[in-house]
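Shared between the two complexes below is chain A, which has chain B as its partner in the first and chain C in the second.
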Partner chain A sequence: MTHSILTSRPALGRRFARLGLVGLAAASLTLAGCSTVGDSTGGSTDAADDGTFTLGFAVGGQPDADWQELQGDVAAGLAEQRGWDFVELSNDNSEATATKNADIFIQKGVDLVMMFNGQPSANPVIAKKYADAGIPVITFDIAQEGWYFVGVDNAAAGTEGGTALGELAKEKWDCQVDLVIEAEGTAAGQINTWRTGNAADAIGEVCPDIPAENYVKYEADGNLTTSLANAPGVFAAHPDAKNILVVGLNDQAVVGALQAATQLGRDGSIMGWGQDGGLITGANVDPNLVGSVMYFLEGYPSFAFEIADEIAAGNPPAVKDTGDDAAVSVKPCPVTQEQAAAIPGIDERVAELADAPAGTTAYDLFCKS
Partner chain B sequence: MTTSLITPADPAAPVSPGGRKGRPDSRGATAWRDALSIAGVWLLLIVATTIVRPDFLSSQTLLAVTFTMAISGILAVSQALIVISGGLLDLSLPVSLILSAWATVTALNNGLPTWVAIPIGIVTGAAWGLLNGLIVVFGKLNPIIVTLATGFGGLAIMLIFFKSAQIPSTSELRLYGLGRFLGLPNVFWPMVIVIVLAGLALTFTRWGRHLRAVGGNAQAAKARGIDLRRMRLATFAGAGAVAGLAGVMFSAVNPSFTPASGAGFQLIVIGAVILGGISLSGGKGNLLVLLLSVGFLATIPTSIAFFGLAPAWALVFQGALLIIAVGIDGYRLKRTAR
Partner chain C sequence: MTTATTTPTPTPPNPGLLFDEPALPLHRRILSSFRGPVGSISFTLAVTLLVGLVWIGPEFLSPSNIQIVGVSVAIPLIVGVMASFALLAGVVDLSIGSMVGFGAVVFNQLVAAGLNPWLVALITILVGAVVGLTNAFVIVRFGAEPLAVTLGMLTLLRGLCQVIVVNAPPSTLIEPLYNVTQGALLGFPTLLLIGIGVTLIAAGIVSKTRIGRKVQAVGGDDRAAARAGISVSKVRVIALVVSSVGAAIGGILYVGQLGSASNVLGTGLEFQIYAALMIGGYSITRGGVGNPIGGLLGLLVVAGITNILNITFIDPDYLDLIVAIILLVAVLVDRLRGGDAFE
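Moving on to the complex of A and B:
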C-alpha cells in the first residue's frame, strides 16, 4: 500500500533597521498565509496503475479542527485493511488548493475520491473536473450535486437532543418550562433549522403545554463569545422566567447562554443540551450543560467505506447527493454529561476504530446510551 | 505616518504656569456637546424601550448592559489612545485581546498564581502593542496596514499554537469573573477604573497633553521638542497593556475560547470610539464621552431583545450609527478647516 502525505553609515543603519521592520511585517503576512497553505504537493504520489484500487483522500485542513486530520488517519487505516493504495492531500481550507488537489488526484489516476471541503464555493468546478475524468466522489457534510453525500443526520440530531432535554424537563419540572431559548446560528442555514429548530419542536412534542410565546430565539453565531454577548439581553427581557431550557446550533452557542445566565444570576434552574459534543467533555464542562449530541466526525470514513467497497467491487450504488437523501446518514449520538465522560478521547477513538473489524463504525463502538 | 491636520485647539499650545492654555480652547465645549448628544440618544432609547416594556428598567437590564460593556469598554480605551495619538486605528486589537487571554490562561494552567498570571496577560498585550509600534514607527508605515497585517499574522500564529483554551474552573480569576461587586459584574469595575484613570491622565498630565499634541499636529509637537518616536512607541505599548487587561477580563468570563473569539469586538469597539467623538484625524477625544458611547451601544442589543426583534437588527442599528458618527466627524473636520 502506498500512503503519501502531500502535504552614510548611520543612515545606512537606519535603512537596514527599516528594511528589517518591513521584513517583520512581511513575515507576519507570510505566517498568516502559512497557517492555511500547507504543503500539498510534496512527496511521491505516483500510484502505479497496477490494477490496485487507489483512494484519493482530501482532508479539510481547517486549522482548528483536529478531527479533519484524524479522518485521514482513519481512512488510511481502512484502506490498508483492504490493501488499497492511498493518496492523502490537504485542502488547507482553501478553494484554490482544493481545486489543485482535484487536478493532482486526476493526474494520479485515483479510482475514488473522499473529501471534506470547508470552502465549497469551488465544488462545482471540482465536480466538473471529476465528472470529466469519470472519478466518483464521496463528500462529507457539504453536499454537491453528483457526489455521494455522507453526513450526520442533522434533523435527527436536533430532534433527539430536544427530545432528551424535554424528557429531563418533564422529569424534573413536570414540563413547567417558563422559557425555551434557541441559540441560533443563522449563517448555517438549513443545518441550523434542523439542529436548533428541530430541538425546540421536539421539546414541544414532549411538553406540549409550553406556550408558543415562551420560545425565544437569538443569534449566537455558533460561538461562545457571541452567544455570551447577546444572551444577557434575552434573560433580562424575560425576568420572571425560572425554569429555562436552552438548545442551539452547537455546544458553544448553548454554553454561551448558560454562562450569561450565570452572570445574571439566572442559573438556578436552567438546563442546556448542545450539539456536536465540543464542550461536553473535559475538566471544564458547564454544570448546566446536561447533555449534547455527538457526531464522532473523525469516524466518517468508516461510513464512506460502505460505498467505497461497492465501487471497488464494480457495483457502484446510485448517487444520493443531498442531506435529505444521503448516501449514508451518520447516526447522531445523544449523550448526557455523565455518559459523555465515559467516552474515550478522540485519539483513543481513532485507535480503537482502526483496530475494529471492517464495517464497524464509531457509533457502534462508542454510543452506548 | 503623520497626521498634520491643524486644529484650532492646538494641543501642543504652551501651558501657562497656572496650568491653563495660552489661548481659548473649544475642546471642552465640543466634548460637552458630544456627551449631551449621546446621553440624549441613549435616554431616548431607554424611554422608548420602557414605554413598550415597562420592565426594561430593572436590575436584570442593568446587569446585562454593564456585563456587555465590560470587555468592549476596556478595548475601546485602548483603541481611543491609538486614535487620539494620531495612529488612526489598531486593527489587531482582537488578536491582542485573545493573545493576552491565552497567556493568562496558560499561566494559570501551569500552576502559576493569579497575581502572576494577570501581569503576564497585561505584559503580553503591551508587548504586542510595542511590536506594532516598532513596525509603524521605524518602518514609517501606515498603522492601519501594519495592524491589519499583524492581526492576520497573530491570528495565524495563535492557530498554530492553540486551538482552544480553557481557564481552570476553580481558579481565583474565574471565580472573580463570575462574581459581583456593588450589585454589578466584577468585570465591569476594571473598565470604569481604566476609563477614569486614562481620562484623567489625558486631561491633566503632561503625558496626556503630549499625546494629544502628537495626534493633533505632529510637526508642531516635534517643533516643541516632543520626541515623536518615543511618544508613539509608548502609546502603542500602553494601549497594548490596556488591551492586555481586557484579555485578562475576557479569560475570566469566557470559560473556553478560540484564537478567533475576539473578532466580534472589532466593529463594536471602532463604533464606540467614533461615536464617542474621538476624531480619526487624531488629537481629540474625551473618555467620559467614550464611556457614554460604550454604554449606549451595549444597551442596543438588550433593547432589541425587549422589543422582540430579530437579533440582526442590533447590527443594523450599530452600523447605521457608525455611519452617522463618521459623517459628523467628517463634517466637523471640514468646518474646522474653513
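Moving on to the complex of A and C:
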C-alpha cells in the first residue's frame, strides 16, 4: 500500500509546487550568475560613491553594558550633525563577529571606523584588514598598534578614586582600616593595575599606617556576578575585619563585594569606591557605594569626533595608539554618591549631548565635582 | 483459506536498491528528493537568496560578500558536519562549542610558547579525541544521559579556558593558516571549499556506505541495531570522538582566522550549529535522521539571513527571532511530513 502511494502520479497541486520550487531555484541561480560577472569590488558602496564621508561604528555588544549601545546613539547623532553617512554593527562581545564586521565595513567602503571591542584578542587580525584597506580606526579604551586611542586616563582615575576613598576613611574612621579589598579584573592587564592597584596605593598614601597584610585581592573579572560569587571567601578569611574599604576595576566589581557583605551581614562599616560610574547613578545605587570615578563612557564618541573631523577634512593627525600617549585622554571625574545623584541618568545625558554644540563633551556638561 | 488469499506474493529483492523502492527515472528521483528536509531547506535557501538579491541587489552575490559569508560559515560547517555523526548515532554532543574554544586555547597557547604549529595541531586533535573518549566512556559505559554528560563537559572545558587564559591571550598570527582560513581560491572562499568537501564526503559516508547505514541504524533504533549484529557502543564511541575531534579542528581553524583565542571563543556556538542542523533536517532528540547536505544548507540559510541583516545594518538581534521562526517552521513541516523522511 505504501508502495502504491510512493509510486503513484503526484497530485496536480504537488506538481505545480515542485515546478514553482525548481523555477525559483533556477531564477536565483540565473540572477546569481549575472551578478558575479560584473561587480567584482562588491559592497553596498552607495554612500561612499557620492563622496559623502561614511563612518562605520562597531559597538561592543557586551551584556549589562547599556553605555555601549548608547555610544552608537551618540555617534549617530554627531554624524548626522555633520551630514555624514553612518552605519553601525555590534561586535556582539565576540572576536569572530568583530572580525567579520571589519570585512563588512571594508566592503561598505567606510572612510573611518570607531569601535569598542571587548574581546580584543583578534585586534591584530582586524588591524591588518583595516591597514590593507587603508581605513583609519579609532578605538575606545583598548589600545591597538596603529589605531587612534581614545580612553580615560586610567592611572589618574585609579589614583583619584583611591585618594577620595582614603580621605573618607580618614574622616570617618581615623584611618583605622581593617581590610582593603581589591576587586580585580586581571584580564584587563595594565588597565586593572592602573585602576585597582593605583586606588589601593592611593589609600596607602592617605592612610600610611594600614598594615600591608590588610590589603587583599580577589578575582572579580569586572562583572557583578563573578564578584558576588568570589567575594564571600574574602570575608570568610577575615572574620574580625570591621572597617572595610573596597576598590576595583569597575563599579560592577566593587558592588559585587558590597552586595556580598550585605548578604553576609558584614556591611556595618564598609565603603566602596568604583570606577567607570556605571552603577553610581539611577534609582538603585548600593548604599555602601560611596562614590565612583565617572568616565561618561557613553560620551566617548564626542572625543573621537575631534579626530574624525580632522580625518574628514583631509588632515589626519598623527596616530597616537597607547594609553600613555593617547590620541585623546578622557579626563576622569570622581564623584561622591551625593554628587552623582545630581547628574542626569545615562539616557538623559545622551539626549543632552546630542543637542549640545559641536565640540562639547560629557565631561564639560556633567562633571561638577 | 483466508490466509491463502491475503498472503502477498514474495518479490525477489533487487540488490541495487537500499529500501526495496522501485527504480524510478532520474528526473522522478531528483524531484522526489525535494520531498524531504533537504527539499524544504533548499526551498528556504532559494527564498533567502531571492530576498537578498531583491533587497540588496547584485552586490549580495558579489565575490567580496560571498567571501564574508563563506569565511563566517565554514568553521561552523566543518564542526557541525563532524558533530552530526553523533546526532545521527542518537547521542547529542553539547560540548562542541566549548571544545572549539578549548581546542583554540590549547593551540594558541602552545604555538605562542614556541612549539611547532603542526605538532601543536596534532596535540590539539589528540586532546579532542581524549575529550570525545571521555564523553563516550561515561555515556556508553555507564549509560548516562548524553545531554547531561556533554553539558557537564561543556562547563568543564569552558572553566579550563578561563583558568588557562587569565590575562590577555597571546597573538599567534600564522600566515599559512591565516591565508587558508581567510583566503580565496578561484574567487571562492578556500575554507568554504574545504567545508563543502568535508560535507560531501560525510554525505557519501552517511548515504552510500555500510558505516553510514550502521550509524543511522544505531540512532534510529539501537535495540534493533544490536539485534542486527551492530555494535551500538562502538558506533557511538566513534561518533562522539569524531564530534570532539571536529570541534578541536574548528578551534585550530579559528586561531588561524582570528590570530588568537580568548577564553570566551566558541561560547554559544553549539546552539548556532544545532539550530542550523535542525533546520537542515536533523533532530537532537531522535537519532538516525538527517543528512550533511541538509546541515550545509541549514547553515547557509542562517548565514545568508545574518548577512542580509549585516550588510543592510539592521539590528542583528532580529536574527535570533528569524532563526527561531525558521526552526519552528522546519519542525512543523517535519511533523506534517511524518517526521521520518530520512528513515
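Going forward, the second predicted complex is superposed on the first by the 293 of 369 C-alpha atoms of A that agree within 3 Å, B and C clash if a C-alpha of one lies under 4 Å from a C-alpha of the other, contacts with A are read in each partner's own complex, and residues count from 1 in each chain.
Quick note on the criterion: a contact is a pair of C-beta atoms (placed from the backbone, for glycine too) under 8 Å apart; a residue touches a chain by one contact, two chains touch by 3 or more.
A quick note: this is a predicted structure, and the numbers were derived from the prediction, not measured.
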Which superposed partner A:A187 touches (first chain B, second chain C, both, neither): second
Touching partner for A:N198 - first (chain B), second (chain C), both, neither: neither
Contacts of A:N93 with chain B and chain C, given as first, second, both or neither: second
Which of chain B and chain C A:N230 touches, first, second, both or neither: first
First (chain B), second (chain C), both or neither touched by A:T139: neither
First (chain B), second (chain C), both or neither touched by A:T281: neither
Which superposed partner A:T262 touches (first chain B, second chain C, both, neither): first
Touching both chain C and chain B, counted on chain A across the two superposed complexes: 18, 21, 24-25, 27-28, 31-32, 34-36, 186
Partner chain B, residues of chain A touching it in the complex: 17-18, 21-22, 24-25, 27-36, 63-66, 186, 217-219, 221, 223-226, 228-230, 232-237, 239, 252, 255, 259-260, 262-266, 279, 282-284, 286
Chain A residues within the chain C interface of the complex: 3, 6-7, 18, 21, 24-25, 27-28, 31-32, 34-36, 38-44, 87-90, 92-96, 99-101, 103-104, 107-108, 119-122, 124-125, 128, 186-187, 189
Chain B residues touching chain A - in the complex, by the definition given at the top: 53, 55, 58, 60-61, 63-64, 67-68, 134-135, 138-141, 146, 149-150, 152-157, 159-160, 163-164, 166-169, 178, 185, 253-262, 264, 301-306, 308, 310-312, 314
In the complex with chain A, residue positions of chain C that touch it: 21-22, 24, 31, 34, 39, 42-43, 46-47, 49-50, 53, 56-68, 71-72, 165-169, 171, 173, 178, 187, 254, 257-265, 267, 310-313, 315-316
